[in-house]
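Chain lettering (A, B, C and D) follows the sequence in which the chains are written, and residue indices restart at 1 in each chain.
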Amino acid sequence: MGVLDPFKGFGVTFRTLLTKPVTIGYPEHRTPVYPRFRGRHRLWRFENGLEKCVGCSLCAAACPADCIRVVAEENTPGNRVSAGERYARIYEINMARCIFCGYCEVACPFDAITLEHSYELSEYTREALIYTKDVLLEPAPKQPPLHPNVPGDPSLVGDV
Amino acid sequence: MTPQETVVAMVIQGLIVVGVVFSAFAGLTVAERKLLGRFQARRGPNRAGPFGLLQPLADIGKLTFKEDFIPAGANRWLFRLAPMIPVIAAVAALSLIPFGGVHEWFGTTVTLYGTDLSVGVLVFLALSSLGAYGLILGGWASGNKYSLLGAARNAAQLVSYEVAMGLSIVGVVMISQSLSLVDIANDQAGGIWYILVQPIAFVVFMIAAIAETNRIPFDLGEAESELIAGYNLEYGSVKFAMFMTAEYLSLIIISAFGATLFLGGPDGPWLPGFIWLGLKISVLLFIFIWVRATLPRFRYDRLMKFGWKVLIPISTLNILVTAIVLGLGFAN
Amino acid sequence: MSDVAAQIEAASPGAVVLEWEDLGELTVEVRGDRIVEACRALRDGPSQYLLLSDITCADFPDEPGRFRMAYHLVNIATGARARLRAWAGASDPAVESVTSIWPGANWMEREVYDQFGVHFHGHPDLCRILNPLDWEGHPLRRDYPIGGEEVQFTDAV
Amino acid sequence: MTMGTAGPRSGNFPIAAESREAREAAARDGRALTPTERIIAGVEARTPEEAIERTLTNEMLADARPGVRQPMLINLGPNHPSTHGVLRLIVELDGEVVREVTPVIGYLHTGIEKQCENKTWWQGITLVTRMDYLAPFANIKAYTMSVERLLQMEVPARAQWIRVLLAEMNRLASHLVWLGTSGLELGAMSVFFYCYRERDEMLDLFEMVSGERMNHRYFQVGGCSDDLPPGFIERVRAFTEEMPARIDDYEALLTGNPIWKDRMVGIGVLPAEQLLALGVTGPTLRAAGVPYDLRKVAPYSGYQHFEFDVPTATEGDCYARYLVRVREMRESLRIIRQVLDGMPEGPVIADDRKVVLPPREELAYSMEALIHHFKLVSEGFTVPAGEAYVAIESPRGEMGCYAVSDGGPRPYRIHMRDPSFVNLQATAPLCKGGYLADLIAIVATLDPVMGGVDR
């Protein structure tokens, strides 16, 4: 403790005045998130365009906020959507309730759902925050998937 | 000049001064927020205009278009009147500040001050206390318990620090043997600034000035973490803007007053006087902002004790010493 | 018999119903009307349980005593802990308040009253604390439904 | 002109409604109003009828005879800049002197304990982190440790060390928020921004390791959900190297500042015995001279391996609490450094297939692992019947978790003993007789977090 103690604070503030501000001007400048960051959900496809999700509802069971609804249906030869026996006909996440714990991601044995890095999820209505399957699902590849066993045979496309 | 011409000249001069000071006020609000930001490792306002320079316009726009309401429990007449008092007092005090001497510009004689009253210092002190009545009345008229507490604190603070401020100036007045601000400024011109002969008085003056303008560490009347916003809690829209205007105007004016009394007013080489005065005011304002960025807030009773038991004895002692020195004839 | 139970017995014979040690935690079950004496004995006795760390309750609707109070005491010098248990009774559940021993029990008992409806005789200020004053029912009872809002999804089925 | 001449006003006044509620609640139970209810009922009369009722219900005002000085009742909160969230303090003021303080809580009550009974043990982790939102790692740590005790489960050494590391970083982050907000409440604005600058770096590190900045679920029953990410240790080390200078800066701003001392020294003093009787723990108790720190008194997760001191003071005033917390920040840095230097290798989660999810890569080839995974996720693991109370030292004091299991996959009862809840009881005795401004300083140095108080 010295005589100058009462005035040391003035030095600290003055020194800070000469340093660069630490603020990040948000919309123009963004800090990258870390690899483990959990943001918006995404449903994935295999390279051949089939959905990874087989509608097992394990994510819905794991969700502590009960914000996932899965309604599964059997794949048929005429409508093959996923790689397994069944696929998720309805897959919805109520983002207004989601707590981003990532338990769905942990629960999914097939890596079909993951939490990605996008975090700007505000909407003007509650309804817009209910993400349906077409919002969540990765877009289908431009090229229609070819039959896995008969590469390059266009006649078999769509009849897998 | 004919009397008519004199009146016209005075009106023009007044408009110029008010214009300059109000732009300075606008600039000060941005400058304070920018500086505070930098003191705190952040940027401060940077969205309105380049570097946030148009922030005052945005503020004015926002405040003007807000709903102007009067709370149900308020005394409606006083509630409306209160915010005007400090603005009027501040603008009136402006006329006493000598921004420069007498100049011969464009073939006419221009005096760079509103009036030269022989008791300018006293009138200034009177006006600056008058401003506080607005705060007190506004706090009481709001009909809010927090505002009432804020008003009570303001009243007590005003009484204590007005005395300290008055006493701190007495030394200067004794040396220059005049109560006219113009005389005091002229006395220092080309000679010794009174800060050098009255350093203690200057420190006391600065502390009392912070208290008079209700800024941290003396912002007990508003103390947002205790009384939320104290006297202006119920005020919104233009009425709130008036309180803010008065606060910043009085900050500028009290800096101008201090610069005149202790820093030689418009005195300085090469540059015109009003620029020198502007620089001196800026330095004092910077100190005010720096203090705000650094110090925590006093407690109400300690503030009173500090005013009565530290500042007033010190300034009284200062007067005594000055009197002895003057009596022994060192001044001349 | 452990030291803790012995001290309670010495201060208030017949107070201890059961005692055991499980998972490294000592539990002594005392009669509901003796809880104040038991606590006082443990605080003032040689075991020096000066700090009442927690009071809480658990609801066992099938048990005759139904509301099982748990008092966690700790010796701040050694870190030794003891748990006192007492049953409050199924109809008109009530135990004695320990606020006379530890004023800090005030809010903890208010919380138990609020959430379980257990009354504390001799409590100076027994009213709701976490729920609004006019709340009906006691949320942490097992028969109190969890309620809540249905999660909103699109209408697609 | 008197205030309140505007006559009866329309509209819903929640406070008037509260007054009615209090009387109804008491009438239902057939009892008189309790002191707290009486104060809540009488705090503010908004209509003439209300004023009459208030006089009837409020003994204190009924007793007000002409010439007797009446106190002014003011309602500090639930929305007030310096009540740390939604704490409401009904203060009886005599001038600026506080005569009586009645804290009213529950505005943030979310029924976490009830919700836990309806979730699996695994899902409970995500709920309890949200209680004391400034010390999420302490919350989960108490919870997972009590479940681990019920399961009689060993946690691998590396997981223990990671837990210590993050718990201490959390203590540092929590104290930074405390210091910043306390400074702001007493008017020292800059220190708030400096503290948040550093705290944000901590949150970055938390994001790096757990994926979330505040409500982590990183600690799992049996260990941690993932290993530390690459580069984490180096970042933390760099942080610990620059942090002491930053703490010096805060101290330069505050410790020696005469105004700061004026606001703090000798304010809010209670003797240690009284604090103990009130159940107060943590820095508040240590500032009164009782070295009760669970990390030393009853070491858990390997705290006995680290060298650190428990800062104490004897004055028991606000300044002592301030000094103790600042010194605790330095001690936490010391522990963090030791953890970084000696971090053992090995698994980060116990290998117990009945409780812990199987490693992810095994799902691809092992049918057994897949079945375990399905069972654990859909039903949850079961915990043997019993009860356990585990207490740890959170930044605010003793954070305890009382878990009762009936042998099923869901907790039968979870009770969290939150230090803020118990410590807050000391507000009234600490504030009585002081000034209104002291009340702000006292609440600031008690450091309650309303998420933890109301749960």
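Note that a contact is a pair of C-beta atoms (placed from the backbone, for glycine too) under 8 Å apart; a residue touches a chain by one contact, two chains touch by 3 or more.
The model shown is predicted, which means the values in this text are computed figures rather than measured ones.
Closest to the middle of the protein, by Cα centroid, lies chain D. In terms of C-beta pairs in contact, the better-connected of the chain pairs B-D and C-D is C-D.
Look at the CA centroids: the one farthest from the centroid of chain B belongs to C.
Put simply, the C-alpha centre of chain A and that of chain C have 44 angstrom between them. Separating the centre of chain C from that of chain D, both taken as means of CA atoms, is a distance of 21 Å.
Per-chain Cα centroids separate chain B from chain C by 62 Å. For chain D, residues touching at least two other chains, in rising order: 190, 194, 197, 253-254, 257.
Multi-chain contact residues of chain A (touching two or more other chains) are listed as 9, 12-13, 16, 22. Pairs of chains meeting the touch criterion: A-B, A-C, A-D, B-D, C-D. On chain B, the positions that touch chain A within their shared complex are 35, 37-43, 46, 290, 293-295. Those residues of chain C that touch chain D in the shared complex are 22-25, 27, 50-54, 56, 58-59, 70, 72, 74, 76-79, 81, 83, 102-108, 111, 115, 124-135, 139-140, 144, 146.
Only residues 65-67, 69, 71, 90, 92, 94, 96-97, 126-127, 130, 132 of chain A touch chain C when the two sit together in their complex.
For chain D in complex with chain B, the touching residues are 1, 3-4, 6, 9, 72, 74, 80-82, 93, 96, 183-190, 192-194, 197, 253-254, 257, 259-260, 262-263, 435-438, 440.
Chain C meets chain A in the complex at residues 151-154, 156-157.
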